[in-house]
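Could you have a look at this structure, given as structure tokens, before my questions?
A, B, C and D are the chain letters, set down in written order, and residue numbers restart from 1 in every chain.
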Amino acid sequence: MATKTYCWAIVDAMREEMERDETVFLIGEDVGAPEGAFGASRGLQKTFGPSRVRDTPISEEIIVGLGVGAAMTGRRPIVEIMFIDFLGLCLDQIANQAAKTHYIYDGMFKMPLVIRTSSAVEMGIGPHHSQSWEAIVGHIPGLKVVMPSTPRDAKGLLKSAIRDNNPVVFIEHIALHRLKEEIEDEELLIPIGKADVKRQGRDVTVVASGLMVARALAAAKTLAKDGIEVEVVDPRTISPIDYDTIVDSVRKTNRALVVTSSHKQFGFGSEVAAEVQERAFFDLDQPVKRLSPPFTPAPFGKQFDDYLNPNTDAIVAAVHELVA
Amino acid sequence: MATKTYCWAIVDAMREEMERDETVFLIGEDVGAPEGAFGASRGLQKTFGPSRVRDTPISEEIIVGLGVGAAMTGRRPIVEIMFIDFLGLCLDQIANQAAKTHYIYDGMFKMPLVIRTSSAVEMGIGPHHSQSWEAIVGHIPGLKVVMPSTPRDAKGLLKSAIRDNNPVVFIEHIALHRLKEEIEDEELLIPIGKADVKRQGRDVTVVASGLMVARALAAAKTLAKDGIEVEVVDPRTISPIDYDTIVDSVRKTNRALVVTSSHKQFGFGSEVAAEVQERAFFDLDQPVKRLSPPFTPAPFGKQFDDYLNPNTDAIVAAVHELVA
Amino acid sequence: MTQDPLEIYRKMMLIRECEAQLNDAFARNLFPGYIHSYLGQEACAVGVCDGLSDTDTIVSNHRGRGHYVAKGMALKPMVAEMFGKATGICGGRGGEMHAADPAIGVLGGNGIVGGGLPIAAGAALSAQMDGKGAVSVAFFGDGASNNGSFGETLNVAAAWKLPLILVCENNLYAEMTPLARTVGQPDIALRAAGYGLPGEVVDGNDVLAVREAAGRAIGRARAGDGPTLLELKTYRWGGHFEGDPRKYRTREEEAAWKERCPVARYRAVLLDDRGIDEARIADLEAQVAAEVAEAITFALESPLPVAETALTKVFAA
Amino acid sequence: MTQDPLEIYRKMMLIRECEAQLNDAFARNLFPGYIHSYLGQEACAVGVCDGLSDTDTIVSNHRGRGHYVAKGMALKPMVAEMFGKATGICGGRGGEMHAADPAIGVLGGNGIVGGGLPIAAGAALSAQMDGKGAVSVAFFGDGASNNGSFGETLNVAAAWKLPLILVCENNLYAEMTPLARTVGQPDIALRAAGYGLPGEVVDGNDVLAVREAAGRAIGRARAGDGPTLLELKTYRWGGHFEGDPRKYRTREEEAAWKERCPVARYRAVLLDDRGIDEARIADLEAQVAAEVAEAITFALESPLPVAETALTKVFAA
């Protein structure tokens, strides 16, 4: 066991997989010699050389496209898009090419491609670096979308993503990079598509993703003092969503709240609420609630982020409303 | 009154607005001399000249960007992206630039930009021309998204979109282009953000958009024979959604079905189901149901489209389940 | 490279016949959907692919049949794919704009103009990492060269010295819009220098000229000397798709280009310069026509895929 | 164009002081978020904007303060915006990467590298339609020239002869990656010819050279002769942002570029060639320093915007 940050967990996952399989490589802006804009590729170019760990130009479309073409020809590329806000520059390669190639060509090509990207929502960097766009990729068939909330999940899911024969959009959060957790020394593979019940509880199910997981847990602690036992489910995989785990929990608690950093409208909250009410309607005592930032761009500055994004108090209040 | 096709309704709307306001112009691939890949700009270049009706290169990002820059400097551009499937090449200009400029700059710029685009879902053209991506733009604050299902709605909404001081993504459907309807000769402006109850009914609310509206109406006819009275609500505007109208209807019928051409996952169906269950939970006798194509790319060929997409029979069956 | 000059002619004729007979099926209402005909551009695909082997890859676009045939895709499953039939090389899911065959290095067509260029660069990166001298080719149109992916691809290919040959088939039109209206300068090849790679304008209707230029580019790529942009000046005989009334150009312009028919030109070379006799050529032509007819019959008689199969293969195991 | 040579110096010094004093605030932990410093590039913005009037527009990028100052944005609201204060020109919503002022033709910065080029082309299209001789300028970095939007913009601008001046400030780095590692050829200006517009490499640390080249480009654009790509060779004195340890380059390289300080060079011209005396310059410097200090104090003392205002102005009326 060793204590690792989320960021080092990412580095370790890539290092282990690159050691294990020489077809794995990494490209992206500043990932090579500079070792990652956020340090998430520290030491990799030194170990694996400038051919397997390459700096790219600021060319998001071809960064993904290089991965698509390399994956079709036998490699397992990891490509980095620095911020998920830049998805609009490479969505065609992700949604029309990577996601559909295996399908269109009747299974003749595999697409073992990992698209690593980051959200910086709530970090005060302003409108072009504060979005949580998991719903956009979640809407595309043929993609898997993963969003780990802890170092251990990050490592185990990234290793699984690299070994997956399908395109995986792997969404980190810059603010989580410094989070620490003990991680076993043995090989760690966490299956894509499995939710994790981060806390057991009988009264309310809180489905939380990314940054919101820690807050949901903090809220659960507070609520426990009032005798309200919250079950916190972290889907970890945004697509496909592990509804079995979520619905099992709701069947037990009869109340559900979804907390996300992405907008409610056409977002993860709506997706989960819709499916949960369909599957567990007669088990629900209350409608499924959603807690999300309001439907505005994110202006510059922490005070706005603090105001716009759900915090622990808001989760506590929402749970109180649900059990009222 | 004159009978007009959906396609001519689009042409008429642009012509009327270009006559009314000389800051309105149109650019896009093949919109000028060729008069539109689907004939939706017939006669416009002849009337307004090659400066105001311009053919662009196949450069989706700058097609939208030209509109953004022109809108910021006093014009009212209409830009055409031939198929909504090409959104991945211009989403940055739509979601990060057009949608946010008014907001970021504290209201100093208006963004009277219309992005006209088309879906060809169900037309057998294969995976890159068969998507219904309204949810992707629906997830972006600062955008309005419109998806008319009839010629009259198309005309009235397009004219409103052109006069709107905000970016509007206007989604046509190629298969609807030949649909005919009587349209009044007087000026026709249909407000963005208002749903239309296309048929009154007391038993079940069917929320249907785009191609699905006609099918929902056909299903309603069939169901009426069995004594089931379906209310068909066409939101017309996908963002912001007119929930007041939808929820009023559900409060009356106590049952709701959403039918769309887009995938259920993170799609319009989930968005509507989530909000309706939240607002009208205790009025619902059954969970809100969603009818959508399954979560796969669209292969080439009509037989696949017919199989994958909801048809009238499926709507009838789903309504029967809801009232069972 | 093929040593037999007749083999080159056979490939060109295969494409020519294929396009002609498909158009015929279309005219008789036997074809589902659009046909993006390759008629008139035969020398491009054949001249380029002549220098490639099965371990080299190509990425095609929406006008891909010429590329598929030139790279050696089996005719029956290729044609059946165009009809969307279950016997098609992709089981009929790809259809007219999408066929692929990893065994011979065909990485697929594309419904997105310009969408293939980055993918071809990715295949070139794989080849470079493999270090076995394989190359990657991207076929695309003049219209695609105006899309953002073009500049990104040229730059990355040059910066990394990728074994990539960028083949722009400049047929003067993108759908109904003439190239001249959408560019500041009509020679796409001239864009190469600014990105740091060689660019060359080639007569795309002269199969031997294409073959030579492509051969040089392929040689450079195999040797590790990096990418080349080839612009093949050619002409699309048909409309953007079959049925397009071609109002945007004159019948005279079309006739002038048909005078420069790439197939007829190479036929004359065979007769006049290579001393191959008319009878042998005619024989081969008949044989090719029969082969294509058989493929079309095969496709027409094949079943459509079962609709339920649409639910399969969204993900790989 | 400014006739007073001191006015050019004043603008350069305003930028220099602004950057220095902001860095100072940053070092004292008084600045929220990142600072993308313009130190070292002063001649670029000032040289280009000297030929523009308020009816001409500019589009900036993430490193925009130089452009804002050179185009004439009032100092206090500009600086307050950088701090995200309610008194900022955008009420503090834009922050360090986004300031705009329609009254003087500043159409904003951008957090998306390359995102501004298409917008500048749109403004140029407006200007062309207006027919009043206004021009549009896009400022962007060497890194941005590798993004797809660059090629699309060059091509459209050339095809339509837009009154657009594309100003690439080549400061040799994109974040921590040197340009040489990501391009096949290091002169961005050479990419112009292939798209059919003139391109010119200019010493970006020589304000008079920039002013002259920009003047020619602006003149062509006003006359309806279309766009120009100017590549201004310069250097970013600081890191990508303040606090960047700059491990990717040597202190020697930095020192060598500081030797070519654009401000000092122009100061020498004033002293040596224009016969302006030291005292007058020193006076102006003191005045500028005070003006900037006042703006910083104003910003520091201004309130943050009320968080609830975030809910307003999503849509225009």
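FYI, a contact is a pair of C-beta atoms (placed from the backbone, for glycine too) under 8 Å apart; a residue touches a chain by one contact, two chains touch by 3 or more.
Only a predicted model underlies this, so the values are computations on that prediction, with no experimental measurement involved.
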| item | value |
| --- | --- |
| Longest centre-to-centre distance from chain A, chain (CA-based) | C |
| Between chain C and chain D, centroid-to-centroid distance (C-alpha), Å | 45 |
| Computed distance of Cα centres, chain D from chain A, in Å | 36 |
| Centre-to-centre distance between chain B and chain A (centres being mean Cα positions), rounded to whole Å | 30 |
| Overlap residues in chain B, where contacts from two or more other chains coincide | 56-57, 59, 61, 85-86, 89, 92-93, 96, 103-104, 126-128, 141-142, 295-297, 299 |
| Overlap residues in chain D, where contacts from two or more other chains coincide | 93-94, 98, 110-112, 115, 146-149, 152, 155, 159, 181-183, 314 |
| Pairwise touch network: line, ring, star, complete, or other | complete |
| For the chain B and chain D complex, residues of the former touching the latter | 25, 51-52, 54, 56-57, 59, 61-62, 64-75, 77, 92-93, 96-97, 101-111, 141-142, 144, 165-166 |
| Chain B - residues contacting chain A, complex | 61, 85-96, 99-100, 103-104, 126-128, 133, 135-136, 138-139, 141-142, 239, 262-271, 273-275, 277-279, 281, 284, 286-290, 295-297, 299 |
| Of all residues in chain A, those that touch chain D in their complex | 29-30, 32-34, 37, 55-61, 85-86, 89, 124-129, 294-297, 299-304, 306-308 |
| Residue ranges of chain D touching chain B (in the complex, touch as defined) | 57, 59, 89-91, 93-94, 98, 100-102, 107-108, 110-112, 115, 117-129, 136, 148-149, 152-153, 155-156, 159-160, 313-317 |
| Chain D residues touching chain C - in the complex, by the definition given at the top | 146-152, 154-155, 157-159, 161, 181-185, 190-197, 199, 226 |
